[in-house]
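Just so it is clear, A, B, C and D label the chains in written order, and each chain counts residues from 1 on its own.
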Amino acid sequence: MGSFKGHALPGSFFLVAGIWWTAKHSLWYATRRNKNIGSTRLASRASQRRLEIIENSVVVFFSFMGMLLEQFAANGPRLQLYNLGEKHWEDLMNWQHATMYLFFGLAGTVCLIIHTTEAAPLALDRLMLAIAFFNEGFLFFYHLHGRSMLDVHVHQLLLYAIFGGALVAFLEVFHRGNILLELLRCTLTILQGSWFWQIGFTLYPPHGPEWDLTDHSNMMFITMCYSWHLAFAMLVVSVLYCTVSCVVRSRLKRTPPMEMGLLKPRERDPESEDEIL
Amino acid sequence: MGSFKGHALPGSFFLVAGIWWTAKHSLWYATRRNKNIGSTRLASRASQRRLEIIENSVVVFFSFMGMLLEQFAANGPRLQLYNLGEKHWEDLMNWQHATMYLFFGLAGTVCLIIHTTEAAPLALDRLMLAIAFFNEGFLFFYHLHGRSMLDVHVHQLLLYAIFGGALVAFLEVFHRGNILLELLRCTLTILQGSWFWQIGFTLYPPHGPEWDLTDHSNMMFITMCYSWHLAFAMLVVSVLYCTVSCVVRSRLKRTPPMEMGLLKPRERDPESEDEIL
Amino acid sequence: MGSFKGHALPGSFFLVAGIWWTAKHSLWYATRRNKNIGSTRLASRASQRRLEIIENSVVVFFSFMGMLLEQFAANGPRLQLYNLGEKHWEDLMNWQHATMYLFFGLAGTVCLIIHTTEAAPLALDRLMLAIAFFNEGFLFFYHLHGRSMLDVHVHQLLLYAIFGGALVAFLEVFHRGNILLELLRCTLTILQGSWFWQIGFTLYPPHGPEWDLTDHSNMMFITMCYSWHLAFAMLVVSVLYCTVSCVVRSRLKRTPPMEMGLLKPRERDPESEDEIL
Amino acid sequence: MGSFKGHALPGSFFLVAGIWWTAKHSLWYATRRNKNIGSTRLASRASQRRLEIIENSVVVFFSFMGMLLEQFAANGPRLQLYNLGEKHWEDLMNWQHATMYLFFGLAGTVCLIIHTTEAAPLALDRLMLAIAFFNEGFLFFYHLHGRSMLDVHVHQLLLYAIFGGALVAFLEVFHRGNILLELLRCTLTILQGSWFWQIGFTLYPPHGPEWDLTDHSNMMFITMCYSWHLAFAMLVVSVLYCTVSCVVRSRLKRTPPMEMGLLKPRERDPESEDEIL
């Protein structure tokens, strides 16, 4: 996966996931807040469940595709783990990436089961997501041996977003439906996605000159660049959140904004989405 | 304990403990969820307490046996700590392992007292378990001086499962009866058990060739292998959980699944098991 | 910013911010506690919101000024990031400092929007503050490469205050209006401010002899000095808190202190300020 | 303070503090649990407050004495911080120890004020204690430069107890009156005290041979020894707790143990002691 495409692909997936989650959570939050003025017709319990099922089917599908691609693409190991002839492990990188996909696939499968059968508590979906993120970060953490300084550094910065996402998802097990945690998770997911693109551009510039991977001022710039990506992710999430909120309100068109302000029980909103999900 | 058996033995204990806890917590959770349709006859308060007492008696017994074995087995120190003649410590490894058993024995003893006399709050059993796990990880952490790279690495990976288990048990002090935390603890315990087996097979292969303990690609494989063990542990826990849930439901045979879905107060289940224990 | 003024300036800002927050939170807490004896006339909901808007306007203004200064002051990069001619990054220090200001500016902007439009949950202001502090600490953390021992050490000590502030602000997302967390954040902010001054005096003594930046006993003294700054910050916060409390009580002048003690529901005070904000 | 007495003295203080706290918290917990059968005559609200005032007066007194001793004992700095003549810092060790005492003195002073005037929320006493412990650990952490291996190791082990105590005290800010956290804090305080004695015996053996400070097997023994100190501390705390519980029950002599078991609302005890304090 040491290529531009190899970083752009997962980057795009995380970007799409982050944006999709932002829209979803913003919509549900707006729905919950404006419940008293009849917004539940916008997002009923049944439609929410249907959405979850579609989302997780897509996750499972792409995880499965990812695993297949890692195994059977041009230079993949084709399910062969150990080369007995030459006595070495076969394409460990591909196997590691396939393992990452596996955990996201598992998370998706479990979510599917939760939302179709009610066999387990809802919060399990966040726990599985936290484990999937943690596993991704765990594998990346031991991934960096013997690379050049800048290469190690950009991947270490990625770990902030990954482990941050895992931690927030774990906190959501206990504070389910807290919009701030949800949006923070979305922000970190978008940050992860855009940073994957940045890694691709930095380590494997598709055109233009190579970066000096041992220059310390490059490292300082990259660190700052990470902050900008974070600011960018925050911007994307807030623009999306505001757009969704406005659309929901305007489609309700019942009460003028002032009165709404008085009606809605701010901060006393139900902390959990369970009562409507 | 530098032998295959020395790792397989504790591994088996943790595997059994993890599987047993999964079954126990799944059963109690299913009982709590279906309380309104009369499931309490399956697991009454008295029978739960009896189970706890039996479980902890077994823990105390095996901890005591473990300590005795470490002391009086073939090459044990036989309670002699310091060899005054040759001026060196006597079999520190055995003493350290005996210390680990001691803390699990203490945890078991305290649980016995809690469940027989009500002298202390119930949550103390999780706190003692957290301390026992922490102590195990603490001793392992300072255990690794001067070993070869792969040896250190496999034991470091073990620490994730041990300290993870300690942390989850500590969280359970505040969120007692949260099925997700309980199952997560079970998963980490099974992971610990199966990883002990893996360490045995890696460092002391009972047949077949030795591993190259300084090869970096071996280290990368082992890291990924840890993820697979985690996935395996998650699989075992979920299969057990589903089996137990189904058995409980089918033995109740009162209401069709659909109606049950409407009846049971999902996520509003009592967070603590105290009211029935 | 490697100058005395470059450290004194942010130090002064943080000192002012810490003192201002202490006064604000003490006033609101005193108001909440004495609500039953009519103190709400001192700090009504509307006036509190007005205060927040003024405060955050000031924050946004100074953040913007800070960014402009970093860019266009004497030796600033003037928005030029990369010098294509000489192939090096242009004044990365200034860009990093401007990035820090950017995040505080973002936090201020978001707070302004929250308190004027009710578009998002109130707790978002603390989350933004936590992110701004975290970003500041994150940039400082990767800022220290290749400096002398004492220089690294004084900046590392600064990180305690910064990350401590970020953590406390994050906890406030879940425990909003907890006066202890608020005062702890104020203390850490004042500590940060006074420590910036100390760094200025230590690394760039305006008059008097230079410090030996490699002497270990200097490092030990500086560590202890940090504790004294913490004690000083705690003193400032407690004096301010007591003053504000006394002033509020004396202006109410309704009930003698003894009776007040009986009336007020200690520790049962509303944990969140939302009901009056 | 590099002497046997210099470690035995603080060790004794922490031992006494740990034992005293255990007795106090056990008594109050037993009182709360048996409230319905009239136990409040054993520990009324007024007598509890008196106890707190006496305890904190003693803390303040000894902190003050400690500071004076560190300054004016045989080889103390006598309030002189910098030797201008010889251009070196004067007895930094003594100053550091005095700083540690200062923070415990501050914590005691604040507790005195809280329990006499009701000026601040009760939980502030735990926050101050957490800060005092943290400051102690912080100073020890930067205290160890250039010492021999075993010396560093025994002081690092001490940090577990210190930072553990700080963390538990901080958690108590949010879970006040949780008997498990209180007893855990007592355990860690006793561990700290007994470990100070162990450090004294290890580094400055009063009689008998010196330890080899660079021998790795000594280090392994000391690590295990720390676990034994922990087990010992747990034993002391549980014996004390049981004794106090039994004494309280026997002095009440109202209801036979069985009936008490039925009466008392286990685990539903008031989580906070505020209602009786």
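One rule holds in what follows: contacts are C-beta pairs under 8 Å (C-beta built on N, C-alpha and C of every residue); 3 or more make two chains touch, one makes a residue touch a chain.
Just so it is clear, the model here is predicted, and its values are computed rather than measured.
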{"item": "Chain separated most widely from chain B, comparing mean CA positions", "value": "C"}
{"item": "Angle of rotation relating chain A to chain C [CA atoms, steps of 5 degrees]", "value": "90"}
{"item": "Numbering shared by both copies at the chain B-chain A contact, with half separating same from different", "value": "different"}
{"item": "Distance between the centres, which are taken as Cα means, of chain D and chain B, whole angstrom", "value": "31"}
{"item": "Distance between chain centroids, defined by C-alpha means - chain B, chain C (Å)", "value": "44"}
{"item": "Per-residue overlap in chain B, given as positions that touch at least 2 other chains", "value": "none"}
{"item": "Overall pattern in which the protein chains touch one another (line/ring/star/complete/other)", "value": "ring"}
{"item": "Interchain contacts, given as pairs of chains that touch", "value": "A-B, A-C, B-D, C-D"}
{"item": "Chain B - residues contacting chain A, complex", "value": "160, 175, 179-180, 184, 216-221, 223-224, 226-228, 230-231, 234, 238, 241-242, 245, 261, 266-269"}
{"item": "Chain A contact footprint on chain C (complex, rising order)", "value": "88-89, 92, 95-96, 99, 102-103, 106, 110, 118-124, 127, 131, 135, 138-139, 142-143, 145-146, 173-174, 272, 274"}
